[in-house]
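The structures considered in this document are given below.
Each of the next two complexes has chain A plus one more chain, namely chain B in the first and chain C in the second.
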Partner chain A sequence: MPGSVALFIWCLGTLLELCFVVCSLVRKSFVRYFFLNLYFILSILTSAIRFLTLNAYGDSSEQYIHAYFYTDALLTLGLFVALISLYSHVFGELGFSKQIRYGAVLLLLGTAAFSYGVVRESEARLATKFAYELSQNLYFVGLVLTYILWGAVLKLREARARLVQFILSLGLYFSAYAASYALVNLADKFSVIRYLSQLLACLLPLSWSITMLRHTEDSRIATAPLVAVPR
Partner chain B sequence: MSRKLGTLVLAMGILVGAMGLKTVLTAHANGTVLMANNPAPFPDIKQKPKPAPVQPGRN
Partner chain C sequence: MMAALILVFSLATLGMFFVSYCRSLVAASSHHTLSAEVRDVTGIRAAAAGRDYQRVVQLLQLCPDRVDDRTNLRAVSLYHSLLTFAQHTAARLAPALLSWTERERAQCAQFAAVTLDRRIAFSREMLAQQAQL
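Let's look at the complex of A and B:
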């Protein structure tokens, strides 16, 4: 069984995810940001499944390993769909909805094919390794997609505060995830590194909940000062 | 160039860029697995010790 710090971070993260869903309902934005809410609802259900498996079999059991990697692949897929929904919010008014859907399906199929190509030689745990590889690859696709979306937001002078904050938070989250690879390699011996990925998972629901609470749908923000370099 | 072809080229470009970035970042990785989707504790993946081979003639 994991330590009390790990369990505390897990509870905190799940509460923050629940907080975002509740804030969306209270602010009457649940349908507008349905896929962001769906991602967090899936994550809460995942926490319940993982907790039951962990409690019944322990953290080194085959059952928990399978439950962990399969649900993680499902969650990454949910996050990918949430990101595509943000694309639809930004580009929808320009009449690019069809191309976005087409591109998203192509990217997903391409990533799945690439992931299968990497793990197909494995003899043992092929399905689990595929789920893990797909999850990792989709993270990096998400990272690139978020940077492109941020570029588009700046170019199109998108002013909707919530949308801008959601995209910025997502960019920060993906970038922190990528940077954590380097940090883990540098300082693997420190025990605090063990909690890094857990803490990262709390970052997204926290920043999105704050955005949902602070801004209304009518709030506007100028994106130019966000990238302006002071002289 | 049609919109469909443009989307296809863009999607493939993104995929190549993402996989390239992953290769660069994980080139010197020490095998540590990071997952950041959900704050659940990471499973304890350790090789279980293989059972000692049974030697014939011993009870």
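Let's look at the complex of A and C:
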């Protein structure tokens, strides 16, 4: 079983995810941001599955390892779909929804093919390694796509406050997650770094919930002052 | 080596997204007109300046806390600290950066003053409700 700190962060993250879904329902935005909600619903279900498997078999069992990596791949896929739905919100009014969907499917298939290419030599645990590789690669693709989306938001002068803050929070999450992943690889001996990625997982539902509560669909912000570079 | 590269790249994008996120928070309050009461209590006359921030935050601590603005205020406080640090270090070498950091710090002070305005209005509302009971 994980330690009490890890368990606390886990529960907190799940509660915050539930909070976002409730906020969406209360603010009558569940359908509009369906894929963001779907991601958090998947995440809550995933937490339940992992917890049950952990309780039944222990954290070093084959069953838990399988459950962990398969659900992780599923969650990353969910986040990828949520990101594409944000693309649809930004480009939807320009009539590019269909192209975005085709592009996303192609990108997903390409990432899956690349991930399979990396792990196909492994004889043992091919499926688990594929799930892990796909998850890592999709995170990287997600970071790059969020960066591009942010560029598009600035270029198109997107002013919808909710959308802008959803995208910025996602960018923060992807960047911080990638940094924590790199830190774990560089300095694994510091246990505090291991809690970092868990804590970061709490930030996304927290900031999205605040955005959902704070802004209505009609809230607008001026995008001109959002560019970070001094002019 | 690869991990170090990923770390540098992700920290750069993290910084960029963090600055943009904070600017999106403060941008919402930039056109807000402060009440005469807040102007009196904070000493802000025409427009907030960077140096007003600490004073406004001290006043904010005297007001009842509101859950919905607490997280955003923390993010902006961190942003303000980073700007102050940049002003005392890198901005000394680049005058353009110095004026930019000062403008940004003033925006942070305006954000804090608007938050103070909202908290005072909220406290008033609470008191009025209690008086009715």
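FYI, the second predicted complex is superposed on the first by the 224 of 231 C-alpha atoms of A that agree within 3 Å, B and C clash if a C-alpha of one lies under 4 Å from a C-alpha of the other, contacts with A are read in each partner's own complex, and residues count from 1 in each chain.
Everything that follows uses one rule, which is that a residue touches a chain if its C-beta (ideal position, glycine included) is under 8 Å from a C-beta of that chain, and two chains touch if they have at least 3 such contacts.
Computed from a predicted model, the values in this text were never measured in an experiment.
Novice: Classify the contacts of A:M212 with the two partner chains as first (chain B alone), second (chain C alone), both, or neither.
Specialist: Touch status of A:M212: no partner.
Novice: Which of the two partners, first being chain B and second being chain C, lies in contact with A:Y102: first, second, both, or neither?
Specialist: After superposition on chain A, A:Y102 lies in contact with chain B alone.
Novice: Quick check for you: in the superposed arrangement, does A:A161 touch first (chain B), second (chain C), both or neither?
Specialist: After superposition on chain A, A:A161 lies in contact with chain C alone.
Novice: Could you say whether A:L149 touches chain B, chain C, both of them, or neither, answering first, second, both or neither?
Specialist: Neither: A:L149 stays clear of chain B and chain C.
Novice: Counting only touches as set out at the top, which of chain B and chain C does A:Y181 meet: first, second, both, neither?
Specialist: Both partners, chain B and chain C.
Novice: Quick one: name whichever of chain B and chain C touches more residues of chain A.
Specialist: B
Novice: Identify the partner contact of A:G171: answer first if only chain B is touched, second if only chain C is, both if each is, neither if none is.
Specialist: A:G171 contacts chain C only, not chain B.
Novice: Under the stated touch criterion, which partner chain does A:S47 make contact with: chain B (first), chain C (second), both, or neither?
Specialist: first
Novice: Is A:Q136 touching the first partner chain B, the second partner chain C, both, or neither of them?
Specialist: first
Novice: Is A:C19 in contact with chain B, with chain C, with both, or with neither (first, second, both, neither)?
Specialist: neither
Novice: Of all the chain A residues, which ones make contact with chain B and with chain C?
Specialist: On chain A, the residues that contact chain B in one structure and chain C in the other are 143, 178, 181-182, 185.
Novice: Provide the residue numbers of chain C that touch chain A in the complex, in ascending order.
Specialist: Residue positions touching the partner: 3-4, 6-7, 9-11, 13-14, 16-21, 23-24, 27-28, 30, 68, 71-72, 96-97, 99-100, 107.
Novice: For the complex, which residues does chain A have touching chain B?
Specialist: Touching chain B: residues 2, 6-7, 9-10, 12-14, 43, 46-47, 50-51, 54, 59-61, 64-65, 68, 71-72, 75-76, 79, 99, 102-103, 106-107, 110-111, 114, 132, 135-137, 139-141, 143-145, 148, 173, 177-178, 180-182, 184-185, 188, 194, 196-202 of chain A.
Novice: Which part of chain A faces chain C closely enough to touch in the complex?
Specialist: Residues of chain A touching chain C: 143, 147, 150, 161, 164-165, 168-169, 171-172, 174-176, 178-179, 181-183, 185-186, 206-207, 210, 213-214, 219, 221-222, 225-228, 230.
Novice: Which residues of chain B touch chain A in the complex?
Specialist: Residues 3-4, 6-8, 10-12, 14-15, 17-19, 21-22, 25-26, 28-30, 32-46.
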